[in-house]
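Here the structure comes first, spelled out in structure tokens, and everything after it is commentary.
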Amino acid sequence: MTAMSTKKMWAVVAGVGPGTGASVARTFAKTYTVALLARNPANYEPLVKEIQATGSKAVGISTDTSDGSSVIAAFEKLMSEEGFDGHLAAAVYNVGGKFIRKSFLELSQDEFEMGWQTNGLGGYHFSQAVLPLLLETEKASPQFPPTLIFTSATAAIRGGANFASFATGKFAMRALSQSLAREFGPKSIHVVHAIIDGIIDIERTKEWKVDAPDGKISPQAIADAYWHLHSQPRTSFTYEFDIRPYAERW
Amino acid sequence: MTAMSTKKMWAVVAGVGPGTGASVARTFAKTYTVALLARNPANYEPLVKEIQATGSKAVGISTDTSDGSSVIAAFEKLMSEEGFDGHLAAAVYNVGGKFIRKSFLELSQDEFEMGWQTNGLGGYHFSQAVLPLLLETEKASPQFPPTLIFTSATAAIRGGANFASFATGKFAMRALSQSLAREFGPKSIHVVHAIIDGIIDIERTKEWKVDAPDGKISPQAIADAYWHLHSQPRTSFTYEFDIRPYAERW
Amino acid sequence: MTAMSTKKMWAVVAGVGPGTGASVARTFAKTYTVALLARNPANYEPLVKEIQATGSKAVGISTDTSDGSSVIAAFEKLMSEEGFDGHLAAAVYNVGGKFIRKSFLELSQDEFEMGWQTNGLGGYHFSQAVLPLLLETEKASPQFPPTLIFTSATAAIRGGANFASFATGKFAMRALSQSLAREFGPKSIHVVHAIIDGIIDIERTKEWKVDAPDGKISPQAIADAYWHLHSQPRTSFTYEFDIRPYAERW
Amino acid sequence: MTAMSTKKMWAVVAGVGPGTGASVARTFAKTYTVALLARNPANYEPLVKEIQATGSKAVGISTDTSDGSSVIAAFEKLMSEEGFDGHLAAAVYNVGGKFIRKSFLELSQDEFEMGWQTNGLGGYHFSQAVLPLLLETEKASPQFPPTLIFTSATAAIRGGANFASFATGKFAMRALSQSLAREFGPKSIHVVHAIIDGIIDIERTKEWKVDAPDGKISPQAIADAYWHLHSQPRTSFTYEFDIRPYAERW
């Protein structure tokens, strides 16, 4: 049993907080050992304990995905984990970053670049780290095609006044994921760009008003969708889909 | 038990043939009684028998979805079915129609209009019939939000040389589904536009060559995706997604 | 001089009313003899007189573009016009049709089909009539590549609640124009899809309120854009562009 | 006369080389004094002389648009130019950058970031410099609305295998230009995203083979389109358009 469980494949979730990342981690932890990445350990520590309490294994690694050396160090640590033999079944890039809403002429270079740092450059570092592992896993006849999912937003397809930082970052994330899907899809790697459009229903947003009941997105529903996509056979890959509350205007 | 099963909610699938429609019907028949619509009874009869053999109920109704009176007659027949009390949990419009590939100047008006008849007008008739039932079902606190899914194609987002008939039809289908999603989404009806991009792996396409192994779409994978979408809570609706083989160029 | 002017190439504008069509006709009449098509002669008669008063030639032909035989009759009439030898330099499809805004379940089949009749089927009939002439003209080394322009709308790329009729029509128009651009572009025919997004500034809309000064689209600016596009060499075709007032939200 | 000409408004073109930038500069120099920015003076010096030889004024300023301090220095230099009183009628961002085509796993961080540096960050620096001047110009009742044009590419709407660097940069450029169009459009500033899809016909590409005669884009045709867009009244702004050779597959 122990031998078995240490031989389980792994999934890595970058950007674990109280919302989407945590639900995705819980969901994937039912099948895989999970590695949880976040800049601040406070964001993954309770979740690691929670998952371990269910009898599954989970590890947390402090990582700044916008910093290449931090990502390299995180994956070196991951490689040294007991039970990890390089077989990564799924990787989810869910790093949100700071959301900046500001008139363009008041936007400093640092603020402008934050969108890119998180969504473009961070996506690059994460993809550079996980793709070799996913390709290796593919050779091991995994149950499902190795999967790389990017959590994105409507700002990936629509720029807006005061959104230059976030939109450039999310557009870049979509370009990255399309480029990866077209290069690694034919190698049986499933790359997904998920447009999440609305407020996530978590503790922090409890007081935020929306127009209708059930007007916020369930993080568990996102996790269920990610798992469904991960389970698709390579005959039938979904590249892009959207999730939004029924009452959302779009 | 019998009483219970006759009270089951129903699902209707229009455009049942050997591929997507049949797989969707089988999948939804695990939970719902299914009504199968096709112009030619030969397309649904074996499937009705197959599903009934599993102990589920299924009915077939000969329908020409491009003809309003035929659709009205089909739903009158459905309303008279034992066990159907108007509660429709899901409706799938999967009518393919004849695919015409022809230089524009050789395309007759009848040929040009076929794309519209099947995808635009047929979608209108089907939606007119099912939406009142879906709205009624919504009041009955169903397990999942009532769902209307359109099976579409890449031609819904890209016109091409020699594709004027098919592309105008599929673009119109996408316009219809977007309009319905924006009108009926806020009423808790889940409308989905599914872009299926590739050859469906069925008996008829067995000899069709593709560039790679597993290069054709699994109809069961489509059905699994449709079921997943149907199961989404109203907090988290997917409106549009694509499915294509891993090796497909797009 | 007279001999020369009767040998001028022609342009045809379908859908001539008080707005875009009239401005396009006036603009193209500076270079070409113009044929003006509208269902109701009252829509082109004053314009024919106005253009003739400037010394140019213009003819009006009553045509219902959604009716194939009406379009065929119109072009037979055109072929018999003095001075027309089949050389058509430009064709503009600017037929608006009746705009229907209605909840889907209150939309009759006739109302639903109006969008298609005008934008899809009408576009088919017009294109069938003009493309052979444009192809013939191309052999005659015209100053500019023969051009076919469709006046479209934002509804060509976005469906909306209560817009099922208009949106299906405009989506179909976009599919048609893309298919034609991809088939006839390589034959040096310039096909353009013009997304006009806003209220046209004409007598009929004078009282319509908008949020800002200059908030309505100038029909002459549309005509100038159409002429600019017509003047593009075949090395450098624009297929799609949008026009909207500076203050429009989009 | 001299007084008049020193009072002419200015246009600035960033990214002046032998192709699009030079043609745009020549075209705008017929109406405005032009400032030509390029990293390497060899790229603008012959053009400055050529324009001056026609009796117009032109200045060249060595600038690295991906470096904020270099852009600031360039505009300080511009402000000190005789005859420049801050009235900028048009600004064209035409910086191409190095085009990298490489498998993602062979792409270094520096290579990956080049696309962003040139198209995203460079666009930010340029926009920060020109928008205050364009807004100021708008108050001076210029003949045409002040205009900011971004030269972009098909890679702005489509990522591809081996194109991660270029595509992330161009997607980001599109996000930036959309965000600016939506923020500054209502202030009467005309922001344009130009999708140029094909090989530009210049000396350097003379030997590049294409499938058809006239198969490369004329830089003068791009310049003519830019001028046409600049001349649009604020009632009728084009935000996005494409240019491609008639024979290009798209």
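Here the chain labels run A, B, C and D in written order, and each chain numbers its own residues starting at 1.
Note that a contact is a pair of C-beta atoms (placed from the backbone, for glycine too) under 8 Å apart; a residue touches a chain by one contact, two chains touch by 3 or more.
These numbers come from a predicted model, not from an experiment.
Distance between Cα centroids is largest for the pairing of chain B with D. The geometric centre of chain B is 47 Å away from that of chain D, both derived from CA atoms. Inter-chain centre distance (chain C to chain D, centres taken as mean C-alpha positions): 32 Å.
Per-chain Cα centroids separate chain B from chain C by 36 Å. Chain contacts: chain D has residues 182 touching two or more partner chains. If each chain is drawn as a node and touching chains are joined, the picture is one closed loop, every chain linked to exactly two others.
Within the complex formed with chain D, the chain C residues making contact are 145, 182, 185-186, 188, 190, 201, 212, 214-218, 221-222, 224-225, 228, 231-250.
Against chain A, the residues of chain D that register as touching in their complex are 68, 103-105, 109, 112-113, 116, 120-121, 124-125, 127-128, 131-132, 155, 158-164, 167-172, 174-184.
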